[in-house]
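Going by the order they are written in, the chains are A, B and C; count residues from 1 in each one.
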Amino acid sequence: MPPPASVQLFCTCLVNELFPQVGVAAVEILESLGIRVGFPRDQTCCGQPLYNSGFWEEARRVARHNLDLLSRTQGPIIVPSGSCADMMVHQCPELFQGDEKWRSVAEEVAGRCHELSQFLVDVLHWSPATAASARQPGRRRKVAYHPSCHLLRGLGVKTQPLDLLKAVVGVELAAVDRSEECCGFGGMFSVKQPSISGAMLDQKCTALENSGADTLVSCDMGCLLHLQGGLRRRGSKIQVCHLAQLLNGDTGSGKQP
Amino acid sequence: MTTARDTILNRVKAALTTARFPEVRDVKVPPFALEHATATECVERFLSELSLLGVTVHQESTGAEVCTRVESLIHGQRVLSWQPASLPYDLLHVLMGQEVMTPGATKEEKATAAIGLTGVDAAIAETGSLCLLSSGAHARSASLLPAVHVAVVREDQIVATMGMFFERFAPRIRESSCLNIVTGPSRTADIELTLTLGVHGPGKLIVVLGPAE
Amino acid sequence: MSYAQYRSLPFAQRVETALVDDHLHVAIERATSKLRSGRGAAFANLEHAEAVRDAARAAKLRALARLDENLLRFEESLHQNGVQVHWALDAEQCKKIVLDIARRHQVKSVVKGKSMVTEEIHLNDALIAEGIEVLETDLGEYIVQLAQDRPSHIIMPIIHMTREDVGELFQKKLSIPYTSEPKELCAVAREKLRRNFVRADMGISGGNFGVVETGTICLVSNEGNIRMCTTLPRVHVAILGIEKLVPTLADLDPFIKVLARSGTGQKITVYTSLIQGPRKSKDEDGPDEVHVVLIDNGRTSTLMGETAEMLACIRCGACLNACPVYQQIGGHAYGDIYPGPMGSVLTPTLRGLAPWQELPQASSLCGACRDVCPVRIDIPRMLLHLRERSHLDKRSNPLWVRLAMKAFAALATRPRLFEGAARAAALWLRLQSKDGFVTRGLGQVRRWTRHRDLPVPASQTFKKWWQEHREGRR
């Protein structure tokens, strides 16, 4: 099956505000594959923080805004975030259970949503061997990959990010103790249960430091926000970036564009 | 007056009108490899499971050798046994020369027996389990109270899988007051997950495996 | 601090206390990591593992879907087996029933197998108040009883105690010379409990499964204590939650295959007992009477609506071992007999959501529990439903959260305002920052910065970048 001619980007509110370079990297990667990227500008947030806190009426309102927007588009919807993608694929239709009209809109949109790495591997069968990063053969990295919970268990995306990482020249994967365990971010959990979140963070940072990695990569900026914050607090030199940035050959300091 | 029974049943009925059970895949479990095994393969599997469990096994080729073995295991100690006449091979005669507790003995007295001796109603290859049905001739405490349990198994009593055992023995299970499926010696790991054998049930399980009768 | 003192603290304080308890962490880490790897290895060698799990799930849900009919059929089967059946709405009724049976038989001493439902209703206290001696016979529970503590894990009751703790306890309470060797400690317990088994008047157990078709009470154990309790005393009382039913004898097979594997990493427990009824007239041993008490105690509430699936739980404990939150706060912090993920659903649904609403909040919704559950219960889904039910209560969402959520929702449906507010927040964060990060936040931001740094928002949003670099390029 030929790759789609165009896709829509749902950049996520976290990427928009805090890590726009992730969105940029995603756009550049897709465009380098000859795909036209559309971006409905009025998108806001998938509503997950509201949903997870039990504010479901409010979550529906926000979801309807974005679903309405997306339902006026066609083609695959790319989401560079495991948790937002899982929300749109699984929780959104569940939210509208009992509302036939919106449930079917949610399902239609859900059917088109793909987390970025899932899209690159499963749909585009892309190998980053030709990506920008491969043009920096001298750059060696020991990369710890953090599989975010919603990506791994919600969406069942386990091997795709690893396949992409393994194909990047100069990347060696670090073995991280208890790598599939939650980092403790959990969205609002990080500030509603800060002590437990902090304890889980501590354990995860220790494991990351012990792995000998110099770079931490994930497909979720939520997790990375939390992990980067923890690593920095401990004085760690581990560089943190989204998978899209690594693939696009731009890891920078993981911060401003 | 509404009884607790009626109230509970009414509550259940009412709850079921709103109960949401997510998708259930009514799946048929494919046959297990062991279901097609030969008798020899079943015996092999039975033996390897027993070995994993730390069960001592004596495989004897004749009934006479089974009897000799049991005699040497008893070694003059006090025995709490299934009714000797119900035991396989010629164990009845072996027990005549031994100190065997009578059915009329008290619980306290029975608790002093050093060896428990039983046959089995069936054995399961899949797990290395012994199936013991309670009955007039088959006391439960013989496989429970003593520190050592000697179980005599005939090769033809070995069933391949647990599922097959339940299927074949359902009528007999229903007729008995109690079925005990014994898999290995008594154990606990409650203290720091350190394995210790022989907490309340027998700490030593010995299987004497003999030929079909 | 005693368990009673700890238990009386509010949830947040119980959590804080547990988080700094290194002794607890070492103990939990040691135990749960063994249990996790045990489970993994055990399932790796189970043929058709996924189909077996599906079969177990289907059997449980089948039984629950017609629970009213099945309860009646189970009762009928039990009656045919000569078992006396009682029904208890709640803890009080159950205790009364057990006491009545005890009085009728002039019971002076009871031996008990490990049973979560009896802990749930605090049965021992009621018996002791009546002057009846009650002895827990499962080693872990026996130790808990001696220490006047409570179990912190449904399968490994003393996961929070080291061998030294047990050694000291035995020395103090049993007046024996100090030893921390598990083998020696077990031998002491065996001797002590043996005398009680033999002279007890009544044995009490729970029930792992109740088979509808045959009236079978299925009990699993490793130590042999449950066999002792259900064989030696002249009366046996089995207490079963109404959700324990499975349709047929054949249905026991998948459960027997997954229960021990999930809980301890064993292929099967040492003893699997299928009790059909009291001793037959010719039987040499066995109880003269068997009673089954079917108890509700909040299960019918759990059965309503979205939490019905929780009744499929077979009490294996796998979710506890997988839960990163349980790892950090331990079992006692959950405040009731069922800890961890399963407890976070069950305690609110059995006891009432309002007093227990903090439990569903104490989860990052990582889903590890759902992954390891042998019957695939979707715990995160139910936690979310419980959160929805209590979301306006300040114990679930303090004022600042409620305000933030309302504001967020109002803004997230108005893209320009959303952008504007986010930029304003960005400015405010930049004012608190140094080198691009906020390390000591003001107000609610402190909740974040207490444990981690926070990068300030980018100077240009993605939308701005898009506007400048892509819009009009179409």
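The working rule: contacts are C-beta pairs under 8 Å (C-beta built on N, C-alpha and C of every residue); 3 or more make two chains touch, one makes a residue touch a chain.
Since the model is a prediction, treat every value here as computed from it, not as a measurement.
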- Message: On a CA-centroid basis, which chain has its centre farthest from subunit B's?
- Response: A
- Query: For this structure, which two chains have more C-beta pairs in contact than any other pair?
  - Reply: B-C
- Task: Starting from the mean Cα coordinates of subunit A and subunit C, work out the distance between those two points in Å.
- Result: 33
- Go ahead and note the Å separation of the Cα centroids belonging to subunit B and subunit C. 30
- Task: Averaged over CA atoms, how far is the centre of subunit A from the centre of subunit B? Could you give it in whole Å?
- Result: 53
- Could you check subunit C for residues that touch two or more other chains and list them? 381
- Sequence positions of subunit A contacting 2 or more other chains: none
- Which of the residues in subunit C come into contact with subunit A in the complex? 15-16, 19, 324-325, 327-329, 361-368, 370-371, 381, 384, 387-391, 396-397, 401, 405-406, 408-409, 411-413, 415, 418, 422, 426, 436-437, 439, 444, 447-448, 450-455, 457-467, 470-471
- In the complex, go through subunit A and note every residue touching subunit C. 11, 13, 15-21, 23-24, 27, 37, 39, 41-45, 47, 49-56, 58-59, 61-62, 64-65, 94, 149-150, 153-154, 180-182, 184-203, 225-226, 228-230, 232-233, 255-257
- Item | Sites on subunit C touched by subunit B in the complex | 27, 30-31, 34-35, 47-48, 51-52, 54-55, 57-58, 61-62, 64-68, 71-72, 87-89, 93, 137-140, 143, 156-158, 161-163, 166, 182-183, 185-186, 189-190, 193-194, 197-199, 214, 216, 222-225, 227-228, 230-232, 242, 249-250, 252-254, 256-257, 264, 267-280, 282-286, 294, 296, 300-301, 303-306, 308-309, 378, 381
- Residue set of subunit B touching subunit C in the complex reads 3-5, 7-9, 11-16, 18-22, 24-30, 32-33, 83, 103, 107-108, 111, 127, 129, 134-141, 144, 162-163, 166-167, 170, 173-194, 196, 198-202
